[in-house]
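Read through the structures below before going on.
Next, two complexes with chain A in common: one pairs it with chain B, the other with chain C.
Entry: the complex of A and B
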């Protein structure tokens, strides 16, 4: 790792935004670590949060490959997420009205096929439309999907939802019994580390200390660990896939369509078919996130298709920087921090208003502030769209430049 | 006949949709973006009227079962929605340096802010105007039409507002400038029209009508923080159906979408309503799908006539 071998050089090469994000991540990680060690944050719950964060990152990858690369304004993220979750739930869940009891791998396959079919169904009428019409039409069609899931009791159990979904590793050789087979570990955190900070002028003394606590790592911890491993696998695979395809000629066509569709058409590209391929690819990633969610939550209901999910994912992508996959990764985790972080506020009784809308307010303000001051996002795409070798081999300046010829060189 | 009852409720619902869709269409054509905060502007109007009604509710006599205080509150709702929209335009939209897609995304953020603030203040539970609910009008009952005087008031008020807008657009100086600007903003500008000012008036008129629509929606149903956002897609459907940028198209689109929305419950008993078809004839779509049917119609219209029924063909 370059970052470990030459920390100073690595730091110097980062842009200002990248430094800010790195510092933020380190600080946030330290905060979480403090929470873990002091016993305020249960390890299993912490892993659950990581899993949800990974799920949002997957959704953001999907939307990024549609909006960030091809410029498709898809407002039906929640529909594809829901189809993915329902696809696997219907195949594996106990109370599924259709099938049930299948291996989760079958569920995964069915979910992806369903999502691809839905993507084509939504894409055929909407992808020909002007960009802002696509936004409205896809939001409308997502509502149609939600209405169907909610009301067709014979297919989906309606508002009762589907229960009894097994974990994703049910029926696998070793992993199925891994959580129960692992011994319960007890980690004793001994007290000792303490520090006091005196804030000058205000006369305020802050004292930090890690109290003694025992972390019990039982079955639920191991199960959560497996889930995190699963979502990290999904994430890694899709990141690698997206990185590869977006650097390919296919990805270059997509970026051309985003910046100027008429140009792409003039170059002889069948833009509609490229847009459809990109739309289906992104939708498959969203469905993958849905599959993970179903096996994490073990219960799905029509509430999971609420359009608010769509807007959360949009915030993640815009925050991270449209067209940037590492930005999407960052945005996904930040959105989860906002969503889950505001839940803790419920414990403070002195807040004089309902805190539930506070989350909505934060998200809304975040959107407006971003569009006002940094519409390109925190981590806009830079080098990641170019082959690394192309950057490394290119001369940093031309062999005989105008500057040398005119000014004698050297004096920059 | 049961058909008449559905047509009557279609008319009432249409009036609300029309009030919303006119403003959305105006802003779409003059500020040039799809304003996702329009539905929540309706919510703002409804809740402002709710607050105002608490102060002036007991005012004066009554017309059509509504105290004069309600109409005063309606005025407050209209003004509040217009003020909020103008402040938003001045504070947020005017300083933005993004394309129309960026504006669209920003307006979603604005919508969330409106809704969150309303919910913080009033809570998530539905509330209602403190007005006695009325029994359906007696002499219409033999025809199986169940409408109250309040419903009549909604339709009449909407008609008055829409007629006023028509007069404004056709016969006033401001109306001519607005039409010129919707037609071709650059040409309007070089002709000496102060387009900034016209844009502001567009926000005032559009948001004011939306505020009125919100107040009537609150009277027709209940008030809750999601009321406007839930109606937004239907309003978009109406605007697209009528043709974006055309005010009269938006009226027609709003009327059609409102009617379709209220007639969908008839689909399962179509045979008994229509003449010349057997009684058992029915379309198996239940009334939960009323909005879904409207959205599908919207998508079909977008495919066949992207400029809507009132816009010129492509």
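Entry: the complex of A and C
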């Protein structure tokens, strides 16, 4: 809690990028708070968005441990996500053609096992070959999985999808009835704060005002809160795990493979086995995101396996900084903020066209700009990664980190 | 030398009378399509020596390195390390038998500091097992502390300890060669294969590298090196194995090799 005890010292130790991200997060948080208080953003919907953001962060963790750590190019993020979602849906959903009605924990387990099996199946033939083969094979795999899910009606209900998936806490003591047992709260937001900003040149006056409103926090709010708690638990556990393995000799071998696989082989590392472990680990995290999604949405369909998810996750990882866990976390939330935030832009009447359809274009522009000015991503891994107990003194300038030193050299 | 002796010498060009052989290459063959890169090459490396492998461009030196270290699979023949047949094994298995190689162009480990890049060297670290990382953090930490101490000690021996926390990609080419050599030593090799250790290195560092290789050798590491810099080879190596067109032309002490008419002819492009 150094941040609270010595705010000034903590701030001084941050890199420029970290300061920028912190400032951005504070500003964004203020904007969200304004949205909540002014009634523009319903609390339950806000929590739903946080859940989706957490889900993308989990997917980004998964891809980061494949691409960011080891350099494995996996274009089947959506397939592993879908396997996770369908795995648990088939076990728990009451329209499941296979085996509905199980406890969601069984669904979680089945989903993870399925994802691991699929990862090994795709890894065995491709991980011995050059990196590009995995890219091609995984791209194909994603389509194969989606097509099977869509057409094998006997197993998956085809395009009708699976309905009646219980919430993740179904059957748990206390938590199962928590949303309905909680009283409905009414929070009265008192009016009185208003401010006006004149935008120069355009001749517009923007007026911010918090009107009097009442926020009703009912069952749907409590349910959404539980889901957020669930995704935060998943995220926290995954982050702790990834942080530890990333700093371990295991993670170091992965990073060596990413830079130069031949070197790792010459030094006696069984690179195929390491690549397989990294691939399975990432796939499990992606399936975990799928499990969360199924129990959040309570309905899955083949549309959830659309390849677009894969590319959003790639954007998140590249944006955050390949190889950086907190970068992946940040990137995951930013992608959701862009995807969902563009819906709200239309509220501003002075924008003369429909912004929402330009979402993909915006993300594309963002990536191009990023690659031009900051190819290493917003929060690249900076400090050297040695098992913490082994290093007593940090390098003289920990934040002068390796990537920072060559930052800006876009052409390198 | 009588005619008969010379004929025998030609048939088995390499010295086969060594007592304590750490690396034995026997009748090794490899071709790429129609090109024969290694043509029944046979030679031995005796424990405790610095053996040089020289030959004109295209003689097949690098191919032999790749065959011996497991990066290529031979078409025929045998490779033995410490008496164990390692023919056709994966590089990591060959390394496990005590043979470590370096590369001609220094390999860059992006995003790592020098000492971090050094820590890739030690073999069989407990922390390289995913399960150990989660279940035995204490053991992993102990091994890491030991390895880090060893890495810093070796960096000090190589007189590059001031680089320890520098980014591994920001040091000069010669320093990278030193780091690569130092890292290979962390893997505790019985025989070290050095692929052009001083290519593209300035004269000062070249002497330094020669001194370091000699020091390692005196401490018990057997070296087999490929090098184009003849002064370097003649100063450091004994014996010298000469390769021409994929097979061993001759072997001998540096002075004899330097003056041998067959070697001169091979280098001057007589070829056949």
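Operating definition for what follows: the second predicted complex is superposed on the first by the 359 of 412 C-alpha atoms of A that agree within 3 Å, B and C clash if a C-alpha of one lies under 4 Å from a C-alpha of the other, contacts with A are read in each partner's own complex, and residues count from 1 in each chain.
Methods note: a contact is a pair of C-beta atoms (placed from the backbone, for glycine too) under 8 Å apart; a residue touches a chain by one contact, two chains touch by 3 or more.
What you see is a predicted model, and the numbers here were worked out from it, not measured in a lab.
**Q** Looking at A:306, would you say it contacts chain B, chain C, both, or neither? Reply first, second, both or neither.
**A** In the superposition, A:306 touches no partner, neither chain B nor chain C.
**Q** Would you check which partner chain A:18 touches, where first means chain B only, second means chain C only, and both and neither mean what they say?
**A** A:18 sits against neither chain B nor chain C.
**Q** Of the two partner chains, chain B (first) and chain C (second), which one does A:170 touch, if any: first, second, both, or neither?
**A** Neither chain B nor chain C is touched by A:170.
**Q** In the overlay, answer first, second, both or neither for which of chain B and chain C A:250 touches.
**A** A:250: touches chain C, not chain B.
**Q** Touching chain B in the complex: which residues of chain A?
**A** 73, 125-126, 128-133, 135-137, 139-141, 143-144, 147-148, 150-151, 311, 314, 318, 353-354, 356-358, 360-361, 363-368, 371-372, 375
**Q** What residues on chain B touch chain A, complex-wise?
**A** 33-34, 92, 95-98, 100-102, 104-106, 108-113, 115-117, 119-121, 123-124, 225, 233, 236-237, 240, 286, 288-289, 291-292, 295-296, 298-300, 302-303, 306
**Q** Which part of chain C faces chain A closely enough to touch in the complex?
**A** 69-71, 90-92, 95-96, 100-103, 107-113, 115-116, 119-121, 123-130, 133-134, 137, 140-141, 143-145, 147-148, 165, 167-170, 183-184, 187
**Q** Which of the residues in chain A come into contact with chain C in the complex?
**A** That would be residues 241, 244-245, 248-250, 252-253, 255-256, 258-260, 262-271, 277, 281, 323, 380-381, 384-391, 395-396, 401-403, 405-406 of chain A.
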